[in-house]
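Shared chain: subunit A. Partners: subunit B in the first complex, subunit C in the second.
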Partner chain A sequence: MENLASFISAFIDLLSINVILLMLGSTALGVIIGALPGLTATMGIALLTGLTYNVPLEYTFTILMGVYVGGIYGGSISAILLNIPGTASAAATALDGHQLALQGKAETAIKVTRLASIIGTLIGVLALALLAPPLTKIALQFQSTEFFVLALFGVLICGSIAAEDLSIKGWIGGLIGLSIAFVKIDNIEGVARFTFGNPNLLSGISVIPAMIGFYAIPEVIKAFSNDDPLEVTEAKDISTEKVNVLMTVIKKFRVIVQSALIGLGLGALPGVGEDVAAWVSYDTAKKTSKEKEKYGKGSYEGAIAPEVGNNAAIGGATIPLLTLGVPGSPPAAVLLGALTLHGIRPGPMINIESPGFISQIAALILLAVVALWVVGVILAKPMTKILKVPKVYLMPIVAALSVIGSFAIGLSMFDLTMVFIFGVLGFFLSKMAYSPAPIVLGLILGGMIDETFRRSLIAHNGSFSSFFTRPIALIFLILIVLTIAKQIFDNRKQVKSKV
Partner chain B sequence: MEKKAMRRADLITSVVLLIYSIGMFVMSVNLVLKTLSKGRMWYQSAGLFPTIVATFTFLCAISLMRTAFKDGADFSFLTMDNAKKLIKSKEFKVSFIIIGLLAMYIFILLPITWLRYEFSTFIFLFTFMIIFNKKDIKSIIKTIVICIIATGMLTYGFGQLAMIPLP
Partner chain C sequence: MKRVISMVLVFAMVMMMSLTVVGCAKEETNETTNSEVAVGETSATAVTTESKTNFPERPINNIVPFGAGGGTDSWNRALSAAMEAPLGVKILVNNMTGGGPGGTGQAYVWEAKHDGYTMLGTSETPLLVPVMTGMKQTTDDFVYYIAGGSPGLLLANKNAGITSMADLMDMAKTKPNEIKVASTAGGLWFILANLFNSYGDVPLGNVTYDGSRPAITACVSGETALVVASAGEVADFIKSGDLIPLTTIQTTDYDMTGHGIIPSVITSIPSLEKYLPLNQWIGFMLPADTDAAIIAKFEEAFKVAMASQEIQDFATSQYAVIYNLTGEEASAVAAKAQSTMSWILNDMGLTEYSPEEFNIPRP
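Now for the complex of A and B:
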């Protein structure tokens, strides 16, 4: 009750004209970013983090949360109208959403997914407001051992799930990210590690420029690799069938609750995020549906499930971000960078060092939901024109924005070098089906994993016993072993089936 | 990328990763030895976890190489003819041009102290758009106008609104 009261109070405090207008604008920007293929919510937050560096804290997170919520929803618009998801989290929505558009129900499909997104985000935000504060109390019991195994598990599971081709590529991505994180002066021993005498590397690789490099630059390069023109379906209903959007969504209550729980759970898993939540929600809804045969042919359930799942994952991903300092998704990973930049230290101490911050973030997401409803109605029809913006004009601007966005963080030309290097590396890795998610998560968590591992050993005089005697650490250790064992077993099964 | 080409690429990647992991392993072990020589314990060393990561990277690289071989990849594709085919492919040319444009912007235009950010950015945007756009007068004029607007918005947005010193 106390948490709910704090959440409601934080929401009321937010209701100033500046914040409302800023939220409407940033949510609209998020929807457009999410809708445009090649741009993602992660990219949008990363690029805007630099822009908001000198902006007061409350406005910064208004903008970033608006872009986050708008971006996750926005992907569904291009999924429906173009059959190209604007974000990976909308890939499952395209399966039934575009079919509905082809049946002349584009406008209804957009309205249904918007309502599903709003419901999913609402459930996520309630979970954040109610569960996160008590979780910080549990997290206060965590020692170095628990943080080590949790963060390591996060990188491992992210690698396993996010891998596009072979799972080993996801793990290699995570290991690459970890090794990049080692480049700096070590905090425990005070020695320079892998800096090769370059003074710019002594403080380590800056996360935001690296993320912009991995997420934005490859998309700019890939956009020009094919000449296929986009076929945009008009965002209006041609079919004469009258559909009550509210009743259509409410009738799927079971799917909504199921997908929301999946989204919350998967969103809370470090690094996994909205993409996986959407697919698992879709897959589970299909398997448990009485109308399985309609999936893929224009089923409203097929469009609702992934949108509820991916938006519930926003709240889910924010829970470990704020309570443990471990981001639950790539956009949450960028938010971690933004939080650190503004002097907020997420983790078990957040309620002590920044009291009320969790409720404030939850309230911002709730405000973003309201903004999404307004913006979604206004932007629905103009989106057709927006989606037709030629990439020859859009992508060079994204490239220039990536450069200035990276520079804005540290005002360092060296950060631009990092954007370039990681951009080129990210492009080649993406061509070989390496997902950027485990690389970036490894980069973000690498320092924490290394330091907590050694601190745990130092505290126990070199003994590994704490990893086996502390219950939470043991649980995660077992999960790590099972994840590795499953992968080895799956690989052997695959090899045997080829033979 | 089709599977056969992917596995060939994986083969090359696995070799790169093997070299990378061995290099990292050697540097990490050196750090551990330095720690021990100072009379400190091995678990305090900055090289401890990198040693573990290097080892796992090596093992993953071996696994990747094994998978690539099992799927039929081998090193026989590394010929001059294939290299020429790759260089002449549209995808390679496009990637090379864009990477070149980014390098020009970041390493040449922006560091020139007497060239203001607005002009560097306009030159970058205009060059980028004109290379990939139609070359008729109408498109060129449209490109110029869009570049001016985009440059103006970036300069105003970051320089004035966000008060960030521009490069």
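Now for the complex of A and C:
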């Protein structure tokens, strides 16, 4: 109850005209970023983190949370109108969403997914506001051993899910990230590793420039080679069939609850984010549905399930981000960078060091939900035109924002160099179908994995026993073994079936 | 083909725009040099004292070599705000992290003009910049304005079965190096945590963390039995009973508001006395060859700030002891701390460069 009260009071505190206008603007920006193919929610947050470095804390997170919520929703618009998910998390929505558009129900489909997104986010934010504060108390019991297995599990699971073709590529990506994370003065012994005498590398590779490099630059380079105008369906209903949006959604109550729980749970798992939540929600909804045959042919249910799932994952992903400092999804990983940049150290101590910050973030997401409803109504029609803007005009802006944003953080030319190096590296990796998510997660969690492992050994006088005797650690250790075993098993099966 | 051309055009345009924006940030510093020149020209042969009394004419930059939200940062933000009124200009606080114990920020301030418009927020930690990074400047090259700092404490987790120094010393003798003390990975708290083992004949193991706060969290979680940190940072955990203060690593007892007397480490381990005081202190510094009139102007403003209610309240909220030192007194404190810290670390084999290379005397 106490948590609910502080959440509500945090929400009321937010209600100033500046914050509301800023939230409307940034949610709209998020929807556009999310809807435009090539610009993802993660990239949007990464770019804006750089650009908002000198903005006061409260406004910064208004902007970032607005873009986050808007971005995850925005992907569904292009999924419906173009059959291209604007953001990876909307891929499942395209299956039935675009079918509805082809049947002339584009407008209704957009309205239905909007409502589904709003409900999903709302459930996520309630979970965040109510569960996160008590979870910090449990998190205070976490020792290096737990952090090590949790972070390792995050990189592994992210790797095995994010890869487009072979899951081993996800793990290779994770290892690339881990290796990049080794470059810096080690925090335990104070020894410089892989810095090759370059003083700029002593404090490590900055996460935000690396992320801008990995997420934004490859898209810019790709736009040089490929610039087909997009086939956009008008966001108008041609079909004259009257559909009550509210009733359509409410009738799917069971699917909504089920998808929201899936979204929350998967979102809270480190490294597994909105996109997986959407797929699993869709898949589960289909398997448990009474109208299985309608899926893939324009079922409203099939559009609702992934949208509830991926938006609920926002709240889910923020829970471990704030209570443990372990991001639950790729966009949350960027948020972690933004938090540390602004002097907030998420983790078990967050309630003591920054009291009320959890409630404040929850309140911001709630405000973003309201903004999403307003913005969604306003943007639905002009979105068709926005989607027709060719990448030729879009990508230069992205390129410029990448440069300005990464320079603004540290006013350092070295950071800029990093953006370009990682951008080019990211381009070639994405050509080879490596997803940036495990690389970036590896980079972010690499320090934690390395240090907590060694610290755990130092604290226990060199004994490995704590990994087996501490229950939470043991659970995650078993999960790690199972993840690896499943991978080997699946590979064997694939090889056999080919033979 | 058209598409390619338009793309290149737009790209070039936006890049130009962004470069101008980026350039602006740089130009600011150029402007300052221009106005300097202008001032110099108009006063031409005029006596230099005249240009001195004009200081300050524009905002001053306070470069904090550590991250936002930490002790050095919050003290400098409070101090800068309190000094704006007496100086009559804005003081802009910028964080410039990196370079081990604050080397990047220190190098920036040293490279900038020594005209009082770029000051360096500091704590005792940047005193290790020479031995860790090889940069040549020592306390002789700077003047210090020392505001205050929070006393260093040794604390035990409530479940560790240690409630006093006597408990700890008994236990450490039976299990040498098995009782772990958490601390930062370098700087003052690391040195204090290792004093017990290196010079106090109390064999404790040390686990290092990326900052004081993770070290405290580790001790609260029970990963280590002990932690060394400042009173300000552990106050909440002492209040909640999660951590029990055993001793203060100072020469005198510390009367902590809301808790009571915490005994000095000398009462239990007298052999440590010759290594003390090793106190946290926070303030700011200027290159020593800055115009004397400007140094004096800062001193005046600093004294006004230190006397203000805001700073008094701030110090109380940080569980800080006020030192309020400037001039030779401050330089003496800085020089002594640099010598002790550099040589202790050097004796432990943990410095990159020998203090001898910089003529830092042995304590």
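The definition used in the following text is that the second predicted complex is superposed on the first by the 497 of 499 C-alpha atoms of A that agree within 3 Å, B and C clash if a C-alpha of one lies under 4 Å from a C-alpha of the other, contacts with A are read in each partner's own complex, and residues count from 1 in each chain.
As a convention for this text, contacts are C-beta pairs under 8 Å (C-beta built on N, C-alpha and C of every residue); 3 or more make two chains touch, one makes a residue touch a chain.
None of these values were measured; they are calculated from a predicted model.
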**Message:** Applying the document's definition of touch, where does A:407 land relative to subunit B and subunit C: first, second, both, or neither?
**Reply:** both
**Prompt:** Touching A:221 in the superposition: subunit B (first), subunit C (second), both, neither?
**Reply:** first
**Message:** I'd like to know which partner A:392 touches here: subunit B for first, subunit C for second, both or neither.
**Reply:** both
**Request:** Give one of first, second, both or neither to describe whether A:199 is in contact with subunit B, with subunit C, with both, or with none.
**Result:** second
**Prompt:** Who wins on subunit A residues touched, subunit B or subunit C?
**Reply:** B
**Prompt:** Which partner does A:458 reach: the first (subunit B), the second (subunit C), both, or neither?
**Reply:** both
**Request:** Answer with first, second, both or neither: which of subunit B and subunit C does A:142 touch in the superposed model?
**Result:** second
**Message:** After the superposition on A, what does A:417 contact: first (subunit B), second (subunit C), both or neither?
**Reply:** first
**Message:** Just to be sure I read the superposition right, which of the two partners does A:53 touch: subunit B = first, subunit C = second, or both, or neither?
**Reply:** first
**Item:** First (subunit B), second (subunit C), both or neither touched by A:188
**Value:** both
**Prompt:** Where on subunit A do the contacts from subunit B and from subunit C line up?
**Reply:** 188-189, 224, 392-393, 396-397, 399-401, 403-404, 407, 411, 458
**Message:** With touch defined as at the start, can you tell me which subunit A residues reach subunit C in the complex?
**Reply:** 140-144, 185, 187-190, 199-200, 202-203, 223-224, 227, 340, 342-345, 347-349, 352-353, 390, 392-393, 395-397, 399-401, 403-404, 407, 410-411, 447, 451, 455-456, 458-459, 461
**Prompt:** Across the complex, what residues on subunit A touch subunit B?
**Reply:** 50-55, 165-166, 168-169, 171-172, 175-176, 178-179, 182, 186, 188-189, 191, 193-194, 217, 220-221, 224-225, 392-393, 396-397, 399-401, 403-404, 407-408, 411, 413, 416-417, 419-420, 423-424, 427, 431-433, 449-450, 453-454, 457-458, 462, 491, 495, 498
**Complete:** In their shared complex, subunit A is touched by residues of subunit B numbered 1, 6, 9-10, 13, 17, 24, 27, 31, 34-35, 40-50, 53-54, 56-57, 60-61, 63-64, 67, 70, 90-91, 94-95, 98-99, 101-103, 105-107, 110-111, 121, 124-125, 128-129, 132-133, 143, 146, 150-151, 154, 157-158, 161-167
**Message:** So in the complex, the part of subunit C that touches subunit A is made up of which residues?
**Reply:** 3, 6-7, 10-11, 13-15, 17-18, 21-22, 25, 67-70, 73, 96-100, 103-104, 133, 177-178, 180, 185-186, 205, 207-210, 213-214, 216-218, 220-224, 236, 350
